[in-house]
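What follows is subunit A paired twice: with subunit B in the first complex and subunit C in the second.
Right after this comes the complex of A and B.
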C-alpha cells in the first residue's frame, strides 16, 4: 500500500493532467459539486460524498454524435449541381427536368458517412466505489455479453478511462451499496482505491492501469499505522450502511408480482420526470436522432428516460406501456430482474441518488422491499390511473 | 440456412473486447454489422413498387458489391432502413432469402421516417443495417403443415417465410395462407396472390373486411374467416402477423381450435432505436424484440409481461 500526502494531491493530479484529461468532483460557482474536467489549481471536493450526477457522462455521453454524413456538396461537381438545380426548377421541359434529376442523383452518389468516435485518455479521480461499480454493471450490455453486439463507442471511452475511487468515510442515510453486493470500500471497477487517513491517503492499485498511475514520485510506501487506519476507516464505513432490502429471491418475486396492484400504489406519486434515470450511475437507455442542416448532418444518441410515455409510443398510436405504473415497474424490474436475467449482473450499485433527487420522495429501497418480496394476495384494484 | 442469428455467439457468456471483435469471435459482428453495428451500409434504391395507396415496397442494393455478395439472412429477420438526416426505422426483409440482387422492404406511410421514405425515387441513397433479429425456425418445421394468417401490412413480415416454404415446398406438408385487408385496394403483393391462386400445391384464402364494388372474393374479418376455415391443429404450425387487434383475436381463435402455444408463432414490432439490443427501447420484460425476436412462439410470449 502507498501513501499520498494531502499536500501532494495537486502535484499528482497535475502530473496526470499532463498526459490525459483529469475529471474530478469540483464545486461550481453555484455551489453544486459535479464531475468536471479538472485543471491545475482547482480544488477537488471530497467532503461532499456524492457529486449530484454520477460520472457516467464521461463514458456514456449525455449527448453524443456518432455518425457524421454529408450529401457532399463540395468542389466543382457540387457547385454545378446547385446551379443546374436553381435553373431547372422553373423550366418545364421534360427532357431538361430529367437531366436535372439525374444530376441530383449524382449529388446523392457523393453521400459520405463517417463514424465519429473520440476517446481521449482520461482519469476520473474521486468517484465513490458505487460509481465505479456502475460502469462495471453497464459493461455487459455494451460489451456484447452472451454473444450480443459490441458497442464501439462506449467501449473506446471505457478502455481509455482510468477510475480512481475514494473510500466513503461518511456514508449517507440514503446509501444502500451493501444491500446490492457492494460496499463503501468496494474495489470492483476501480483501478486505484484511495482511502482518506490522517494527513493524506492510503492508496492501493487494483489493476495494471492503476499500477502505472502509482509509479508517480508523489507516492511513498504507507506506514503500518496508515494501513491499519485505512482498514478501520473501511470497516467503520461498512458498518454505517444500513441493510435496505433482501436481494435473495428478488428476481423471482418481481416476476411473481408483475401484475400486483402494489405497483399502481407505489407509482401514484411519480411525476415521470425521469430525474432518477439521469442521476443514476447505470441507467443507460438512449435515444437516437438525426439532425441535418444544409446537406450536412449528424446521427446523435442521447440519454433517454423510460418514464416518458412517448418512450414506447408507436406511430400508430398504440403504446405497449400505456400506464404510468407499467413504466414505473419497468425501471425497477429492469434493474433487478430483466438485466440480471440477461447479463448476470445487477443494474444498481446503491448510490441512492435516485432517492435524494426524487422530487416526490420515491425510495427505491421501499419499492424493492415491497415488490421484491413475497406479496400476500391483495384484491385487485378496480380503478385505473389517469 | 444462414447462421446469422446472434444469440450465444459461440463465445459463451463473456464480455467482448475490441480484440475479440477484430478476430471475429462473435457472430453478431459478422457480415454487414462487423466492427460498428451502428454504421449503416449505403444502399441505392433500384426499384419502387406501389403496393397499396399508402404502402410502397423499396428494392435496395448495397453500393458495396462485396457486402451485397456476402449478404445472407433467415426468413423473418428484419433490417433498419433509414435516410441520413431523418432517421431509421425497422422493417421486415420481405424479399426471398434466395434473392441476391436486392433486399426488399415494404413501408406504410405513417410517421416521420416512413413519410420521408415515400418521397424517395429510384437512384436515391438510403442507409441499411441488416440482417437483424432472429428468423422463424423453418428447419424445425420441416414435415409440418404451415398455416399463415395475416392482415394488412402484416404480410410483409411473413413474405420471406412464405417464399422460403414455397421454394422448399417438398419439405413441408399442406401450406395454407389466409390473408385479409380492409379493402381490395389494401391488399399487398397482388403479384404473389395471383401466383398463390394459380398454384395447386397451396391453399390461399383472400378476404376483405366488407363488401367493395367489383370484389367477388370472400368478405369477412380474418379471425372470423379463420373460424369458418376451422384448420386442424394436428402436425400444424400457425404463424400470424397483422394489426394488434387482429393478432389478439386470431390467437384466441387458434387456442379454441386446440392449437398449443408451441404450435403458434407471431412476429412483433416495437418502437426501436439501436436494433442491436443495447438502447433498451423495445423490451417486453427481459426480452428485446430486436435481438430476441421479432419472432416469438406463443409459449415464449406467455412468460412475458402483458406489454405487447
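Right after this comes the complex of A and C.
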C-alpha cells in the first residue's frame, strides 16, 4: 500500500492532466458538486459524499455522436462534411438555400458519411465505489457479455478510462450499497482505491492500469499505522450503512407481484420524470435520433428512460406502458428481476441518488421491501391495464 | 402552525369518511424530519400522517393534471398554498381540471424553506429541520447543529410573494394570514438580469443551462404543463427541438416550456425545486410574468372568472410596443 500526502494531491492530478483528461468532483459557484473536467488549481471536493450526478456521463455520454453525414457535390471532398460540433447553415438567404438544395438533388449529390468515435484518455478521480461498480454492471450490457452486442462507442471510452475510487468515510442515510452486494470500500470496477487517512490517502492499485498511475513520484510506501488506519476507516464506514432490504428470492417475488395493485399505491407520488434514471450510475437506456439541419447532420445517441411516456410507444401507436404505474414498475423490475436473470448480477450499486434526487423522494428501498417480498394481496381489479 | 395541521387532518378525514373523495393529497414527513413529501391518503383512519410545516413545498396541483390521477376519473381532495392555488385556478380557467371531481383545502402560508440552501451550510447530510418561532434549526447525521433565521432560508419567490392565502379553496385550514397592502409585483433579480448587455445575458443563460440533463423533472413537476406526456421537446415528427444535450438545445427546451405555460404559470417554483442539478428555472418564468404584467397588466391564476392572457384577444391589446 502507498501513501499520498494531502498537499501532494494537486501535483499528482497535475501529472495526470499532462497526459490525459482528468475528471473530478468540483463544487460550482452555485454550491452544486458535479463531476467536471479538472484543471490545475481547481479544488477537488471530497467532503460532500456524492456529486449530484454519477460519473456515467464520461463513458456513456449523454449525447454520443455515431456519425456525421451530408451531401457532397461531385468532385467535392468528403472534408465538406461539417466537423464542427453542430451542423451549420451554409447559406443565409432562404432562396439561395432552396436553390442549392434543388441543385444538390438534381445532380445526384453523393451522401458522405463519416463515422465518429472519439475516446480520449481520461482519469476519473474521486468517484465512490458504488459509482465504480456501476461501470461493471454496464460492461455486461455494452461489453458483449455472453455473445450479445459489443458496443464500440462505450467500450472505446471505457478502455481509455482509469477509475480512481475513494472509500466513503461518512455514508449517508440513503446509502444502501451493502444491501446490493457492495460496500463503502468495494474495489469492484476501480483501478485504484484511495482511502482518506490522517494527512492524506492510503492508496492501493487494483489493476495494471492503476499500477501505472502509482508510479508517479508523489507516492511513498504507506507506514503500518496508515495501513491500519485505512482498515479502520473502511470497517467504520461499512458498519454505518444500514441494511435496507432482503435480496433473497427478490426475482421470483417481483415476477409474482407483477400485477399486484400495490404498484399503483407506490407510484402515486411519482411524477414520471427521468431524474432517478439520469442520476443513476447503472441505468443505461438510450435513444437514437438524426439531428439534421439543411441536409447535413449527425446521428446521435442520447440517454432515454423508462419513465418517459414515449419510451415504449410502438409504431402502431400502441403503448404497452401507457400509465405511470406501469412505467414505474419497470425500473425496479429491470434492476432486480430481468437484468439479474440475464446477467447474473444486480443493476444497482446502492448509491441512493435516486432517493435523494427524486422530486418526491420515492425510496427504492421501500419499493423493494414491499414488492420484492411475498404479497398476500388479491390480484388487481382496479387495473389501468384492463 | 399546528392548528393548520390539525384542521387539514380533520377536513381530510371528513371528506374521506363521507366518501366525497377517493383519495386526499397532502404532505407527510419524508425519509426523516428534514423534509416533507406528497402524501396520498385513502381512508379516514390514515390522516394522522398528514403534516403542515414550512417544509411543505410540493405543489400538489401537479397530481390533478391530465393522466396523473390513478384511476383517471378519481375524485381527489387536495391541499393548496397561495401559489399552488393560482396554478389550480389557471387549470380551472382553461377547464383542464374538472372542478366537480376535486375538493380543495386552502392552507394560508408563511413561506417555505429552501431545503437546499440549508443543505449547503453543511458538508454532511441534513437529517432534521425543526422550527421554533422564526428560528430554523438544522441537524446533520453526525450531530452538528446550526440555527438560522427563517427569513434567510425561505425561497426567493416566498420573499416576494403577494398571495400567501389561497385564492381558491372549498374549505380553509385557517384564517387568512396578513397580506401585503401593496400588491404591485416585485421582480427581484429579474431587473438585474435585464440591465445586462446581450452578451452578458447570453453568458449567464449558458452558465445556468450547461448542466441541464434533460430529465424532464421540471415539466413533469410543473402543475400547468399539461401536455407533459406528449411533449414537443421529445417529439421527432416534427423534430422541432434537438435531442442533443448541450447548452443551446437545453435552453431551447426550457424556452419552449416557458412560452407554452405563459399566462398559466404564476412562477410557483415547482420546476426549480424538482431540478436535480439546481438550475434556477423559475427565473425564466418570472421574466415571462414580468413581460405579461408590463404589457397587459395580467397576473396568472388570480381569478376564476378571468381568461388567461393568450386565450383572449382585444383590439386595443398592445403589440410589441409598450
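Criterion: the second predicted complex is superposed on the first by the 340 of 386 C-alpha atoms of A that agree within 3 Å, B and C clash if a C-alpha of one lies under 4 Å from a C-alpha of the other, contacts with A are read in each partner's own complex, and residues count from 1 in each chain.
The working rule: contacts are C-beta pairs under 8 Å (C-beta built on N, C-alpha and C of every residue); 3 or more make two chains touch, one makes a residue touch a chain.
The structure presented is a predicted model; accordingly, all values stated were derived computationally and were not measured.
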Exercise. Please work out whether A:113 is in contact with subunit B alone, subunit C alone, both, or neither, and reply first, second, both or neither.
Key: first
Quiz item: Looking at the overlay, what does A:173 touch: subunit B (first), subunit C (second), both, or neither?
Solution: second
Exercise. Answer with first, second, both or neither: which of subunit B and subunit C does A:334 touch in the superposed model?
Key: first
Practice problem: Examine A:342 and indicate which partner it touches, taking first as subunit B and second as subunit C; both and neither are also allowed. | Solution: first
Practice problem: Go through the superposed model and pick first if A:269 touches only subunit B, second if only subunit C, both, or neither. | Solution: second
Quiz item: Which of the two partners, first being subunit B and second being subunit C, lies in contact with A:287: first, second, both, or neither?
Solution: both
Quiz item: Across the two complexes, what residues of subunit A are contacted by subunit B and by subunit C?
Solution: 287, 289, 292
Quiz item: What does subunit A use to touch subunit B in their complex?
Solution: 66-67, 69, 71, 101, 105, 108-109, 111, 113, 115, 139-153, 155-156, 159, 258-259, 284-290, 292, 297, 299, 301, 304, 306, 311-316, 318, 320-321, 326, 329-330, 333-334, 337-339, 341-342, 344
Quiz item: Hey, which residues of subunit C end up touching subunit A in the complex?
Solution: 23, 30-32, 35, 37-40, 58, 62-63, 67-68, 70-72, 120, 123-125, 127, 141-142, 211, 213-217, 219-221, 228-230, 234, 236, 239, 242-246, 248, 273-274, 276-278
Quiz item: What does subunit B use to touch subunit A in their complex?
Solution: 6-11, 13-18, 20-21, 26-29, 33, 35-40, 42, 84-88, 110-111, 114, 121, 123-125, 127, 244, 269-271, 273-274, 276-281, 283-286, 291, 305-308
Quiz item: Touching subunit C in the complex: which residues of subunit A?
Solution: 28, 30-32, 34, 47-49, 52-53, 62-63, 85-86, 170, 172-174, 264-265, 267-269, 271-275, 277-279, 287, 289, 291-292, 298, 300, 302-303, 305, 308-310, 323-325, 355, 357, 359-361, 363, 382, 384
